[in-house]
Amino acid sequence: MSDMNQAMVEKYRSSFLKEVEANVEEGHWVKMCMQCGVCSGSCPLGPHWEHPPQEIFMMIRAGKREDVLSSSSMWMCTSCYNCIARCPRGLPITHIMHGLATYAKRLGLQPKNQPTAKFSQLFWNNLTKTGRVNELKLGLALYFMNGIGPGIKTALKMQDVGLGMLKTGRLNPLEILGGHSIKDKSGLQKMLKKAFEIEEAQIKDYKG
Amino acid sequence: MSEVIATNQTILVVGGGISGLTAALEAAECGKQVILLEKSPSVGGRVSQLHKYFPKLCVPSCGLEIQYRRLKANKNVRLLTMAEVTQISGEAGNFTVSVKVAPRYVNENCTACGECEKAVSAEFDDEFNYGLKKRKGAYLVSNMAYPQRFVIDPRIAATDDGAKAKAACKYGAVDLEMAEQNLSLNVGAVVWATGWKPYDAARIQPYGYDRYDNVITNVEFERMLDPFGPTGGKIVRPSDGKTPQNIAFIQCAGSRDQNHLKHCSRICCMATLKQTTYVKEQLGDACKSTVYYIDIRAIDRIDDFHRKVKEDTNVTFVKSKVANITAGSDGNVLLNGVDTEGYNRYRNEHDLVVLATGMESTVPAGVFPAGININEHNFIELDGDSGIYGAGCSSDALDVNRAAQNATAAALRAIQVVTRVAGQEG
Amino acid sequence: MAKREYSFYPGCSSQSKASSVNYQKSTQTICEELDIQLNEIPDWNCCAASIGYGGGGELPRISLSARNIALSQQAHGQQDIVATCAACWLATREAKERIEHDSKVKSGIDAALGEIGIKIEGAMPKTRHMVEVLIEDIGYGEIQSKVKKPLDGLKIAGYVGCQTNRPFGIDGESYENPKYLDKMIETVGAAPVENYEKKASCCGGALMFSEPEKSQALVKDIIEAAYDGGADMIVTPCPVCQMNVEVYQGHINKTYGTKFNIPVVYYSTLMAVAFGRNAKDAALDGQMIRASKLEDIANK
Amino acid sequence: MADMKIGAYICQGCGIGDRVDTAQLASVAKREGKAAVAREHEFLCNAEGVKMIQDDIANEGVNHVVIAACSRRAKTEAFSFDGVCISRANLREGVIWVRPDTDEARETTQEMADDYVRMACAETKYQKMPEASGEQGLTRHLLVVGGGISGMTAALEAAKTGYKVDLVEKTGQLGGVAGEMYKKYPDKAPYNVLADNTTGAMVEAVNANGNITVHLNTSVTKTDGAPGRFTVSLATESGASKDVTVGAIIQATGFTPYDMSKLPELGGGKSPDVMDQLAFEKMVKANGGAIKKADGSEAKNVVFVQCAGQRSEQPGHLPYCSGHCCMTSIKQARYVKEAGGDATVIFDDLRTPGADGEDVYRGGQEAGVTFSKGKVSAVEAAGKGLKVNYNDRILAEDTSIDADIVVLATGMVPNSGPNPYVKLDLEMAEKDGNAELVEKLKAEVEKAPPSILNLMYRQGTDVPHLKHGFTDSHFICFPYETRRTGIYTAGPVRRPMDAHQAIEDATGATLKAIQACENAAIGRAAHPRSGDLSFPSFRKEGCTQCKRCTVECPFGAINEDDKGYPQYNEARCRRCGTCMGACPVRVISFENYSVETVGQQLKAVDMPDEFSEKPRLLVLACENDAYPALDMAGMTRQEYSAYARIIPVRCLGSVNTIWITDALNSGYDGVMLMGCQKGDNYQCHFVKGSEIAHIRMSKIDDTLTQLNLEKERVQTYEVSIADIQRIPQIINDMEKLIGEIGMSPFKF
């Protein structure tokens, strides 16, 4: 169990809801859910959710910390915003799901080999390196995120797409050598580092 | 009509629905002078368009008949139809009220014999039936219409039809020269009872009221049950006139929803429970009803009714706000959502969907003098001695029983104002 | 009339030889026609899209957009920030709102930007999608007046997708049944697919990479509905939608035994052709599934 | 009153003139109807026609007017003449509009019209103008029983309207349950905040009001009289007594929380930390907002269990929903949050209706109250605290939650007096010697609460109940209509409700009470016959003291003197005529509605002989529902039998069996009674009229057998005003039936 997770368990022994309100993006909205279920019914990947949003909100109130944070459900969010558009109580559900996912990951509780968890990290690493996404590297990193073997398989599977993109001038093999970048890379990274520090500090120092 | 006598000991009641009628009659039967204004050609309001009342399943016209008889018998009440308030100024005990009276083109000579209706040909959407039916350009609002007097639709007044109507009337009742009138009334107190309107279902986009023929509203469903209504009293699908076998009722359609009406409309749960009994009565076991709800709000003694409906094996309750409706085969639709009691996804096919649309207040903006407090739900707040009192669904989302109760209270508040005035004037 | 100027945020996928460079190209073309000048934000960075959250969390993610906003202010003052990419637009607009409404976020952002000596000056400029510019600033009328080659006889499914539609959407449009793409299709002389049931449903977005099977199932429905509506092609305002719906048709055919082969183009491509520009200017060469019917018109 | 002079006025308008021979109608009126004047007019309801009638009244001394035109429901403004008796022959809706315009139909249509003119003449011949009873007196003074928020509201509102009030409270202080509250919901939006309890200020206002006399520790020992002249005896615990005279009474005796010791499974009565909402409210108030367990320690977790012993068919539980409990629990949960604790509300349906309700729910959530849809199975002791076991309906699992305090949202039990009809039914049962029923009712009578009003009424000491012990009310259109004219109930004794509603309810009840005084002052009836000045009187010499009238009156209006003669109380009477219908010796009548006014009508009908193949069907139709439905049948051109002769009656309860016997004796082939729905969901505007009529008619069979006539010839129907198509069908079916069983032999 990560140190931070340990710390949080100690701190919020009494209430997972309070922990979520304190540490999760838009977490203070969770209490406003009235269990109508419109979000759960509106999700395009709904059938793949072990626990749909409305149920997750109930689980949070019921203190089911492990079940929620180690769930793959939040990682199914495609950010289509259907839930937000329809929620009669105006909960920013998409963001809460993102927030829960991030928080789970930060505490090291997200399911192992959760593909979206991995991909979103790859994506982040990719973009923060140069300030702009390097689509080729991102693609390759993705294919090989589960190791060489599966990587080659996926790569082959994706060959037609790659070639298609190449032919239509929408993919640049030279990107492997660096590709697009912003000028002030170091500045960007400094900014991000600061932002991270502030966020972590907020979590640690939060008085529940 | 311009010779309407009013003094600051007169009570003005605006709106001739069940609340306005109640307020006007109760005040008048306490010996007070009352002017009752109604925007449409007949009093009766929203309830006159209902098939039955919950929980007794009795017919609204039964109570209306009594109210109308009280109205006919009481000389203290002066009824003005087709009249709308445009402005109120002044203060408790001394209001000046501007009233716009639209021309009816039919005078008191009318015997309601119906010859004018026979004579004209043009047809228009029948407001009484929410446009589900056509009516002639010369018409009686309904069998229960009071005053029992025909109306000429302004759209035909200047046409041949208008002339035909005039020619057909042996009694000189059709008067095409009638023009809009503007009255200024001096009154002591005002009871505002303009009631509610169904929330515009087309704005609830996920339910596709504007896209699917077989998605209708609960008020339209009520009209279906009227033997003289659009379907001759039969429960049918608008798309093909077929008898439905599997009806969905969707609660909180526009209510308890910050995207629409923030408030709970109170009546919709009971209205739906009631409507499932229509289905049972007319179609028996041949038709199932499914109620999709968040909370069933059948409070106090009417919870008995709720439990009775629950015992009906043809009625199913699903705790779920339906996410959206998509097209199914041959006019059917698919309801998509999650039954939140234990997380069960559904994609249910129904051949008719009734939206329990919410109750939207019709309290207007820009009519009242300063100091009249209208809350964020657009209901009039009770404000001590303001002299203007909301009654019925101008004060809150109420059922008929509470509306009558509230209107009676509003009448007393108005009486207190004019009694005070009388005291001062001796 | 005077040129309209905007501060332009192209986004990663519009860069040269990137996945939606054709969007960029055709947009430039119609801007020439419509007298619009796009001033690129100097040294803009990626917005982290909607998938960056897993790595980035809240504040770092928002700081990315904050940096772009600050840079835009520096270079172009209060010019509206215009994005062609739905994700770029959404992320920037969301960042703006969060900074405006959440003081905790605001102070965090100020500190982060402080690290690199920039800041957000006063009120942030409006953040708009190119479609908003076309509809609200230019207007269907003026667009129509520029049409030289009406796209007669074409039936097109207007696939709006998610992020240009929710949670902000285009003013006056409904979340469930937005009509602006249909109107645009009519404006350039083609016929929209009526009641295109899937017009606002999700293509899987970034999960096309992490959850390809699940996402391709969604795309299958989107394409099927277009075929059911008799569409010759699909038009979209979003690079992710365009990519997801176009490039995986082969995979979907393998999985489901379908025979999909329907072009997916940008509204800007349609307009460029209708405005009488050649295939190259309309970036038709960027279609993996060639939009031959458009090419025919363009080459006429 | 001058000699009777009948003027008959026959309208030719609306096609009447084309369809029937109005000259013949005029001569029928003259020759048979004994009309002094009979005039035809092509358009009787216009100014000129009306003037013609007025002139006759003024110049010819016409004092009984017969209008032979449209229905009595139509053109009422035109045909209203002061100081004369009016009867109306319904030639339009009742004749030409329900008959086809064909040559074959012409003869029978004319016969119909002739008969209706005969009937109208006969009716008015026996009508008198109602005269003042001399009983009236104006008493602008109310009695309010109950010093809670409802009662205080009633008192203040009445005083504000210039009425004097005696306010009776059985305890030592005003305020009732509302007075016990720590905080309340605001009266105005936004409702998602809590406001201070203002009951104290209200008590002060009551005490300071010169129009209000407060009687604490006082109960009502005797209530006699009628609206406008009630004499009420008040007695204090100390024994002092006092009589007051009031015009009307408001009973606002409130409720008692359901006894939670009946809920042991929920820990009721087992632990001092399991309490009902009122006890919790008192505790918080006493602690100035701190939430403390019985042992004085601070309570951190409070669980609210909704619907405790409510909405349940379980024996001993309350079958209804008390309506306020969800709102109340949310409010109390917010006390807990404000005190820094945690609160969980376990509910089935969260019932916070209306504009304020949803704000309240949101407010609770914003404050951090946890809401959980679930069903609680048990509350048990666990260590120092409590454990609530429940089934989480959303997560679909049995689970439990620890609590320092558990609040049971038990329901409201109305503080109504005994239901008088239990005693009356017992009387009947004893008379009929129904042992089983006697036992059952005896038991009920024994466990009945003490009387509140001690009414000196033949029909019992208190206001009747409607359901679940809540007092009588028509419930939908006329929520304040009770069966005891001039006595109105308000607040939770009438229907479960929260304080906000109770204030509305009491204000409305106050208007009704004031109205009752004003009506009594001029001898005017309350609705549904509002404005009616007639009232029943009886011929003592004929009376057999059979008591039927005093027992059957739905409104308990009639008392008995020591010899068992009826004593009428005009101001209690609703003018339905049920007493008139009940009287076997026919000594009861109204000036304008009597055994004669109806009896003579049905006799006035021209009776074709047995071989004419022209049967006659008498339809006695309730004027409130059946008759309007028949009118609308005409308006919508539903045809029905030309042989039907329809007479509107005030209520089926007023139908005296003599009319049936007379009808059969004078050769009617069928008799149809049409009244409103009876029973639990009764729609009879006089509550019991229709039901009583059905009972009476079930006994008519003997008469029929005596005359050896087929039972089917007399039928009683429950109809509604909406049976516009059904009623004509019923009539036509009867015609068909007569065709099968044959004409009546009693045609002379």
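Lettered A, B, C and D in written order, each chain numbered from 1.
We take it that a contact is a pair of C-beta atoms (placed from the backbone, for glycine too) under 8 Å apart; a residue touches a chain by one contact, two chains touch by 3 or more.
The structure displayed is predicted, hence computed values, not measured ones.
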Set of chains whose contacts include both subunit C and subunit B: A
Core chain by centroid distance, with centroids computed from Cα atoms only: B
Of A-D and A-B, pair with higher C-beta contact tally: A-B
Inter-centroid spacing, subunit D versus subunit C (mean Cα positions, whole Å): 67
Gap in Å, rounded to a whole number, between the CA centres of subunit B and subunit A: 50
Whole-Å gap separating subunit A and subunit D, where each centre is the average of the chain's CA atoms: 64
Whole-Å gap between the CA centroids of subunit A and subunit C: 23
Subunit C residues counted as touching two or more neighbouring chains: 175
Subunit A residues counted as touching two or more neighbouring chains: 34-35, 54-55, 82, 86, 89
Of all residues in subunit D, the ones touching two or more other chains: 350, 373, 394-395
Each pair of chains that touches, named by its two labels: A-B, A-C, A-D, B-C, B-D
Of all residues in subunit A, those that touch subunit C in their complex: 25, 44-45, 48, 75-76, 78-82, 84-86, 94, 98-99, 101-102, 105-106, 115-125, 127-128, 131-133, 135, 142, 157, 160-161, 164-165, 167-172, 175, 180, 182-184, 187-188, 190-196, 198-199, 202
Residues of subunit C touching subunit A in the complex: 12-13, 15-22, 43-46, 48-60, 62-64, 67, 104, 108-109, 111-116, 162-163, 166-167, 175, 201-202, 204-207, 209-211, 214-215, 218, 247-248, 250-251, 285-288
For the subunit B and subunit C complex, residues of the former touching the latter: 205-206, 208, 211, 324, 326-327
Contact set on subunit B toward subunit D in their complex: 18, 25-26, 29-31, 53, 56-59, 61-63, 65-67, 69-70, 72-74, 108-109, 111-113, 143-144, 148, 170-171, 227-228, 256, 262-264, 266, 295-301, 303-304, 307, 319, 340-343, 373, 375-377, 379, 381-383, 396-398, 400-402, 404-409, 411-413, 415-416, 419, 423
Complex contact set, residues of subunit A against subunit B: 34-38, 40-42, 46-47, 51-52, 54-55, 82, 86, 88-90
